[in-house]
Amino acid sequence: MKTINSEHHLDLTQEDEKHYSTLNLGPTHPATHGIFQNVLMMNGETIVGAEQTIGYIHRAFEKIAERRPYYQITTLTDRLNYCSSPINNIGWHLAVEKLLGVETSKRVDYMRIIVMELARIADHLVCNSVIGVDSGALTGFVYVFQEREKIYEIYEELCGARLTTNLGRVGGFDRDFSSAAIQKIKALMKRLPKVLHEFENLLMRNRIFMDRTINVGGISAERALNYSFAGPNLRAAGVDYDVRVQEPYSSYSDFDFVVPVGQNGDTYDRFCVRQTEMWESIKMINNALANLPEGKFYTDVPSFNLPPKQDVYSKMEPLISHFKMVMGEIDVPKKEIYSAVEGANGELGFYVVSDGGRTPYRLHFRRPGFIYYQAFPEMITGSSLSDAILTMSSMNVIAGELDA
Amino acid sequence: MSDKDKYTVVEAPEGYSGSGFFATTLDKAVGLARKNSMWPLPFATSCCGIEFMATMGANYDLGRFGAERLSFSPRQADLLMVMGTIAKKMAPVVQQIYEQMAEPRWVIAVGACASSGGIFDTYSVLQGIDKVVPVDVYVPGCPPRPEQIIDGFMKIQELVGNEPLRRRYSPEYKAMLESYGIKTDSYDK
Amino acid sequence: MEYTILLQELKNKFEDKILSVDEAADIFTLTVNSEAIKAIVTYLKEQQSFIFLTDLCGIHYPEQEKELGVIYHLHNLVANKRIRLKTFVSKAHPQIDSIVSLFSGANWMERETFDFYGVDFVGHPNLIRILNVEYMDYHPMRKEYPLEDATRLDKDDRFFGR
């Protein structure tokens, strides 16, 4: 029998291998949220090794991006981590702004922070409720999805779409926050604390949940750094690396927020870190809304700032320039940059090499999900199958981000 | 006395013989029972899967239509809901899952990627699942709103409610499955 | 930590292996000889505390003599400094030493670069395709291959303006 997991150099003798059974988990499986395959080698109930196969949803984003002008790539970034699309969109716009050397106004920065923190709340709501579902607690999931519907309604006010938002422009937004949008955000910020408290009462000090998640799927800080973990998974292991604090972008340095850090790197720590990050996001949104500065919601980036629609429909030059921008007849300096934002899963990086043409010469997405999912076999060796399921759902592996 | 050659026998009009006549009310009764208790298999691969999760949630509630019990095992499912992009690596898996389902089975392709490859016209994406399995209803959208998914589901319900009982054993149906490369050896009863 | 000091120390240790330096780029960038890449990364990790491998990706410049490139981004978390290393190999001999022994996270990143560009990482425990199908026989991200599926028969050029 072929020794699976050869790269982890298990010291298995021939005798051992005869007693072990293989169990195929996926690619279609209710517990794998997304399609990726794990073949587990099991000694009874204990997992001895795992071999992973990904690529079942490889959509060749990086090759597509070499053919698309800069605005059309925003729609690709939507579909990376589709639970929190606005963070990907704004991250991409920040990368293009870094390429062009554009400074945005404070109002734009604060609006972006509000949208990104809403997206972060949406993603963490999914991840935490799904940890509950995988351990048998379905109620939290249903309660929490109502709040996601409210967040979707806010996205609809801002950009028209629910999930794949394609939100914003290079240099800001295409429209200001309408009064309806601000009203909805304020209403949500009033509701959300009560729902989060209810959700925590169900799970966080629940004896069964704690028994199922404490000391399950742990990883030490050294191994996590060696695997290039980022985001809540790394912070649960004890390392306080957050791109918003290390290299502040979009005026995050104006805000005072706590970066939660865990101790053991196990499933319970990841759950608690995400929960605390949601509370911090609520504080940040309230803060940003209360202190939203006056100003323009866009920046006059030549060749990227689309003219207002009334002018496009009535005058000649705005019509021509609108057409040229959307079709990509624009000048971009010949540079290469790396720009990172703190996505819901960690450091989402964009490495853009531009040769001055209408499309990037090379675009590489540094996808946190792809990088930390490698550590999964190491995290589950020695635990049981049900622990492996919980570890996988607490790591928040999103298939779109895995395969790109 | 009666000369049989003087009488001509007229063919009964369609619907008054065969499966159209004797079994109409039975067809409708079975269809009614089936359509209000479909057990879907959510084959969610990407973004459309998240919209499906919203459809199953309390706001849009697919459970009202009888689809409360999701089955992740194809052996117990009626309806294969393919939601999201299917890459070429995944195509044999879709076909295998389809073959494991028992008749009568329906397929709904949710989203632009499942219907036709969507925005991903690349070397690695299957341009529509109807290259590997026969599809009954296509729901366009990227991703489709939950109301659209429910609309697609209701169209499937229409199909289920009006389906003749012997459709799955007819030679045309078998020929269609053969054209996809799906074996129909056990379809004789 | 200042980049000039770092550059001086690197030059002292690896004089002829550093091919060019770009200090004006957004991140301090070094282009190095492909044979010395593992030694340089080891030095940066152990002596200069660049303990975080942010990214590893490939690139293809068809007009250069050494067409395939591998680009490493390293990060010193404590001093908050990043560094970018670039190294190039030719298509005929695309061998580079693998850095999996230093950073376990480089495992899949190198597999992805192999899958897309065909760069052969010597010493990698399991260098097979990761994202594409196993029976694919070409490396799709190279510039000579098209985006669309070349074997499609149903796409009618009349509708696509070609």
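Note that the chains take the letters A, B and C in the order they are written out, and that residue 1 is the start of every chain.
To be clear about the criterion, contacts are C-beta pairs under 8 Å (C-beta built on N, C-alpha and C of every residue); 3 or more make two chains touch, one makes a residue touch a chain.
Quick caveat: nothing in here was measured; it's all calculated off a predicted structure.
Distance from each chain's C-alpha mean to the overall C-alpha mean is smallest for A. A comparison of the A-C and B-C interfaces places the larger number of contacting C-beta pairs at A-C.
Measuring from the averaged C-alpha position of chain A to that of chain B gives a distance of 34 Å.
Centroids built from CA atoms put chain C at 24 Å from chain A. Taking each chain's centre as the mean of its C-alpha atoms, chain B lies 47 Å from chain C.
Of all residues in chain A, those that touch two or more other chains are 55, 58, 60, 63-64, 403. Residues of chain C in contact with at least two other chains: 131-133, 140, 147.
Within chain B, contacts with two or more other chains are made by residues 89, 122-124. On chain B, the positions that touch chain A within their shared complex are 43, 45-47, 50-51, 53-54, 57-59, 72, 84-85, 87, 89-90, 93, 97, 119-120, 122-125, 142-143, 145. Interface residues of chain A, counted against chain B in their complex, comprise 27-30, 34-35, 55-60, 63-64, 75, 78-79, 82-83, 126, 142, 145-146, 148-149, 152, 162-164, 399-400, 403.
Against chain C, the residues of chain A that register as touching in their complex are 6-7, 9, 54-55, 58, 60, 62-64, 66-67, 98, 223, 225-229, 239, 241, 246-247, 335-338, 340, 347, 349, 351, 353, 362, 364, 366, 370-375, 403-404.
Of all residues in chain B, only 88-89, 121-124, 127 touch chain C in the complex they form. Residues 25-27, 51-55, 57, 59, 71, 73, 77, 80, 82, 84, 103-109, 112, 116, 125-126, 129-133, 140-141, 147 of chain C touch chain A in their complex.
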